[in-house]
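Each of the next two complexes has chain A plus one more chain, namely chain B in the first and chain C in the second.
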Partner chain A sequence: MTTLTRNPGSREHGLTRTLRRRTGHSDVKIALFFIAPALIGFVFFYLVPTIRGIYLSFTEYNILGDPEWIGMENYQAIAKDPLFWNSLAVTGQYVLLNIALQTALALGLALLMHNVAKSTLIRGALLLPYLMSNVIAALLWFWMLDYQIGVVNQFIEWTGMSRIAFFGSEEWAIPTQALINTWRHMGYTALLIFAGLQAIPGHVYEVAKLDGASAWQTFRKITIPLLRPVLVLVLVVTVIGSFQVFDTVAVTTQGGPVNATRVIQYYIYQRAFTESDFGYGSAIAVILFLILALVAFIQMKFLKGNESDLD
Partner chain B sequence: MTTTASRAPLAKPARRRRPFNPRRAGAWALLILAIAVSVLPFLWVLRTALSTNSALASASASLLPADFTFGAFLRVFGLQTPAEAVAEGGSGAAIDFWLYLRNSLIFSSITTAGAVFFSAMAAYAFARLRWKGRNAVFSLFLGTMLVPPIFTALPNFLLIKNLDLLNTMLGMVLPYVFMTPFAIFFLRQFFLNMSREVEEAAMLDGAKHLRIFFQIVLPNAAAPIATLALLTFIGQWNEYFWPLLVGSQDDVRVLQVGLGVFKSQSPQGAPDWSGLMAATLISALPVLILFAAFGKKIVNSIGFSGIK
Partner chain C sequence: MKKKALGTLAAAAAAVLALSACGNGGSAESAKGEISYWLWDANQLPAYQQCADDFTKANPDITVKITQRGWDDYWSTLTNGFVGGTAPDVFTNHLGRYGELAENKQLLAIDEAVEKDGVDLSAYNEGLAELWVGQDGKRYGLPKDWDTIGLFYNKAMLAAAGITEEQMKELTWNPEDGGTYEKVIAHLTVDKNGKRGDEPGFDKNNVDVYGLGLNGGGDSSGQTEWSYLTNTTGWSHTDKNPWGTKYNYDDPKFQSSMEWFAGLADKGYMPKLETTVGASMADTFAAGKSAINAHGSWMIGQYTGYKGIEVGIAPTPVGPEGERASMFNGLADSIWAGTKKKDASIKWVEYLASAECQDVVASQAVVFPALKASSDKAAEAFAAKGVDVSAFTEHVKNKTTFLYPITDNTAKVKGIMEPAMDAVVSGKAPASSLTAANEQVNALFK
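On to the complex of A and B.
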């Protein structure tokens, strides 16, 4: 993140400048040539769709015919839509569970790796779930957590507890989705934090040791503050990613049981693609976009994600 | 690796045999547990894929394949007759993972090749050329990283539909093939840090930018470009939402979408678990192979993503 702010202009070497002055030619044309394909992609598949998405949110549009401008009506309807508020609540629950589980587990894992084992093999094993698609992660756990013959429920029964309907009960459905996501991201997040730990200079720890600081004091007073930029980044990535949960829900519970897993993106998908209500779907997408922008802004601003305490 | 031992509060000086340290042993136990949770499910998938459905129900906790068979793999590749498939607990519906495998390979390869090459070109313009508005345009490109994919997916779907490209490979690859903001950002970092001397020597010789790009910049950045291609390919391979919207028909359906369809085809209530797990394994296999071959490259790339 911090690398973004570096000014590339200052890296221009004197010789190039002299060269250019001598030949009197500018790079604009050649730059346009190099950037043209990416520019096409940017304009047609990022910029225009973003503007069009905002426009569509103020229209009624069912694919057939033309979008019809209806002003704020979609947003007014959303404000009174219990399914929307439900999707927001359900997604919020999912996000919170992910933050708690994923960040805590990943931090613990990163510390373990940092202290006892840094081998690439171990890191690779922990990263494996992250390289699998959401669909694969979802199906794998859909099988292992099956109520009847899933191995986890076999184990639960063996310990003497009663079986859990991980996907079938309203209270378990969202925690189960969060567990799948945590399983997939735990190692990746741990590796990000691990990279941050590696970047903390060793002499800081040596000084703490000389001063007689305990392991806990060192962790709280040195590791955590110095790790803060990484932790903020991890938090931003986790929160923004979790808000957009879709794949695992679409493959397993499809919004159910009842409305228990009808998360925001799944609700947008249903409104737009199953009910052909593109205006309404776009309006919810705008709201999701605003929420994500706000979350990122708050986290960067108040947790000062791009400043290290080291300086 | 070696220098860090002294700063780690738990680690004792290495080399000599350490006396038993309960904290260290506990740390190892937790680490091994985490590795087991990450890796063992894949073995369970393999074990299930090699079992028959009827045996799975009765021997659901046995660690080895229950009633060993390759039937599930034959089934998902469409090599069993419907009668055989139904007898082993399949749905009997035509399912052809060869086709999906081929589609996934085409989709991921085209988008990766296009995105990496065109992003490299753009990154060159952003890092090595001087032109007015460069930083503003770059910020605009980076800003697209913040737009959630669902937000652009709706209008992009409409665009592809208006172009009459739904259920075509072209329609599926278009939004990805020109660039990804991350690829541009990633490569620009490397191009910025490349030495200018060779480039300038070539310039004095009268070399054009195109030649510099192909003969100096690209070969020098081979390692990061390979890493980027690897990460992009895996990401594209795992893509689900967009192919679900645009490529729902059989002839362009990719593996991830095919898996979802397969899952929802369960006959008479009992899902074809061994078939589903065989299909899951096939979908994971290319990534597993890449990981076995280039694991170190992938692992070491984590931590780059923006952190100094």
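On to the complex of A and C.
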């Protein structure tokens, strides 16, 4: 009995296994063929440079000579480098201001786009700042907010207040840049959230209305929970982008006044490209990579970005 | 982003090794064709384009392609070019940078050619040719121009304040009370109510016109900001120059000078550092916001070019040791070690350093060429435009110049000193805080 029942069973099992393996094998070939273009690009432009960057972080390398292996020395120096810790604090301040404002404003804008502003023209206009190059946007605001000749300070003076050194004072420099980039990115972020809003089925709202839910209740109990996966995605993407702030700083304050805007990307650039210390710069870049991976992981894990409440 | 850029550069680094290996090809190929030449000052582009055209007329088988890049991008693009094999054959070089380039074997030593072609090094203004001899004793460039510092002033404001141009020529300065220089600056400062800086009731928080303009903290060199003062006290940036290995920002003499300088902003005689981020110092001068600006001779064209403002130029003040002082900076043209057109490049560099080209530059009255004879022609060209440039040339004639500090690690020194100086000039930190920065700087040389 036992042998009889076991035999066909195991044979069948073996058969399906070989079948599965065979189909799996031919799938791999075809899949590889289609993935190849992306894979080659990924390997040569992402994977190899990343590994090379990690290798360089253990070397002393001024780019014109040969890299020299120094083990953990760069990392030890970074741990004791006050400018590195300063850059973390400054970047953190920037990200916090930028993300909080940008997400709140974008959510508001997206709701307006969804419920009020249905004209394509107006919806398109919200994207306009995003179509502008970062450098141009930064330079434009740099001039408008200039202490001596900027139009904004002229208005401030007319209202009887004293002029503000938007870029020159240590207190204002980071908030100013965070606001500029909020202005530039909120339209785009709003568009992403707007797409998420459109994916929420209308019948849920109809049911809520029938149950007599107020607008605020609908927003809190229906819109936000159903929007969560999109919001998490938007947060992950914008937080990573925000950590990478560089161009605005590079064309305006260049790390100053003193060290008030020496954000981490600018500090990497300064060490690597200005001071020819590519090993040290790579080491900070590796640390930034780890920080970003951790932040993204935490966001996905605790905000449950890969599950939807719609199911 | 960064990792990507690093990786691409690294990959390119391998390519350049292969390229530079076959860089010094046969002489027939290397003496003709197109060579590339970079410079950063847009004001000088027309003069050098003229030189390039004349050069091609004299050497029909060589053409020169000139590229002008702003100072901010110039050095990083150049470094990328060295690594990627796309650097120009010949480029304008700066004293603050060439030490590191020479050490990394990016520059072609031109001793042989200079000797063979009989370039007369004594025809250049004193000291300029020697600046380009590296630590290894080899020559890495031929001088093209020089600059010194002077005081640009608004003639109308001086007249209104009752200060004569003769007084401006006799200014004295010391770090204790600022001498007559501070008195003049104070008197030229006017607040919103029309009160002058040295009058009772002056409101230092509502200043309309500052006596002295401010360019920035001055980072490691203070070229136009404070070195024309600090170096009259007997202080110098480094233990020796060129190729010093110890910086002196911890010297009490230097720190007391910086204390005085930062104090000007506190007294309301000079704009606060935070207000100078953005619009250039020259433009704010043109807008009537400052009466005197200390600036370099390369700015003559810009200051005298503003419409509706009469500008005079006075020499920098006489310091406690009885002498004036000005940083003396010179540029040169260098050849990239990886050039494939070695012979043509040498010919072009020698032409740039010759009277033919330097006289063309002189006639445009934008900078002072390195050759003595051409310098005089430039002064005449300025005079023909109605600009008296003796404030700048006097420094050279009277030998009251000191050299731009030439050392290794200049980029790193600047990286440390920029925030440190900003903190002092903005009044956020006392000048004694520079001692700690100096220790960091000197640790680079150990």
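Rule of thumb we're sticking to: the second predicted complex is superposed on the first by the 267 of 311 C-alpha atoms of A that agree within 3 Å, B and C clash if a C-alpha of one lies under 4 Å from a C-alpha of the other, contacts with A are read in each partner's own complex, and residues count from 1 in each chain.
As a working rule, a contact is a pair of C-beta atoms (placed from the backbone, for glycine too) under 8 Å apart; a residue touches a chain by one contact, two chains touch by 3 or more.
Computed from a predicted model, the values in this text were never measured in an experiment.
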Contacts of A:Ser276 with chain B and chain C, given as first, second, both or neither: second
Touched partner set for A:Phe297, first chain B, second chain C, both or neither: neither
Which superposed partner A:Trp85 touches (first chain B, second chain C, both, neither): neither
Which of chain B and chain C A:Ile122 touches, first, second, both or neither: first
First, second, both or neither for A:Val230, with chain B first and chain C second: first
Chain B versus chain C as contact partner of A:Phe289, first or second or both or neither: both
Which superposed partner A:Trp69 touches (first chain B, second chain C, both, neither): neither
Greater residue coverage of chain A in the superposed arrangement, chain B or chain C: B
Contacts of A:Glu206 with chain B and chain C, given as first, second, both or neither: first
Chain C-contacting residues of chain A that also contact chain B: 45-46, 48-50, 52-53, 56, 63, 142-143, 146, 148-150, 244, 246, 265, 268-269, 272-273, 278, 281-282, 285, 288-289
Contact footprint of chain A on chain C as seen in their complex: 1-4, 6-11, 13, 75-76, 79, 82-83, 100, 104-106, 272-279, 283-284, 287, 289, 411-412, 415, 418-419, 422-423, 426, 428
Of chain B, residues touching chain A in the complex: 1, 3-4, 6-11, 24, 27-28, 30-31, 34-35, 37-39, 41-42, 44-45, 48, 56-57, 60-61, 114, 118-119, 121-122, 124-127, 129-132, 134-135, 137, 140-142, 144, 146-152, 154-156, 158-159, 161, 174-175, 177-179, 181, 184-185, 188-189, 192, 196, 200, 203-204, 209, 213, 234, 237-241, 244-245, 256, 259-260, 263, 273, 276-277, 280, 283-284, 287, 291, 295-296, 298-300, 302-303, 305-308
Chain A residues touching chain C - in the complex, by the definition given at the top: 45-46, 48-50, 52-53, 56, 62-65, 142-143, 145-150, 163, 165, 167-170, 244, 246, 252-253, 255-259, 262, 265, 268-278, 281-282, 285, 288-289
Chain A to chain B touching residues, read off their complex: 1-4, 6-9, 11-13, 15-16, 19-20, 26-28, 30-32, 34-35, 37-42, 44-50, 52-53, 56, 63, 105, 108-109, 112-118, 120, 122-129, 131-136, 139-144, 146, 148-151, 154-155, 158, 183, 186-188, 191-192, 194-196, 198-199, 202, 204-206, 209, 215, 218, 229-230, 233, 240, 243-244, 246-247, 250-251, 265, 268-269, 272-273, 278, 281-282, 285-286, 288-289, 292-293, 296
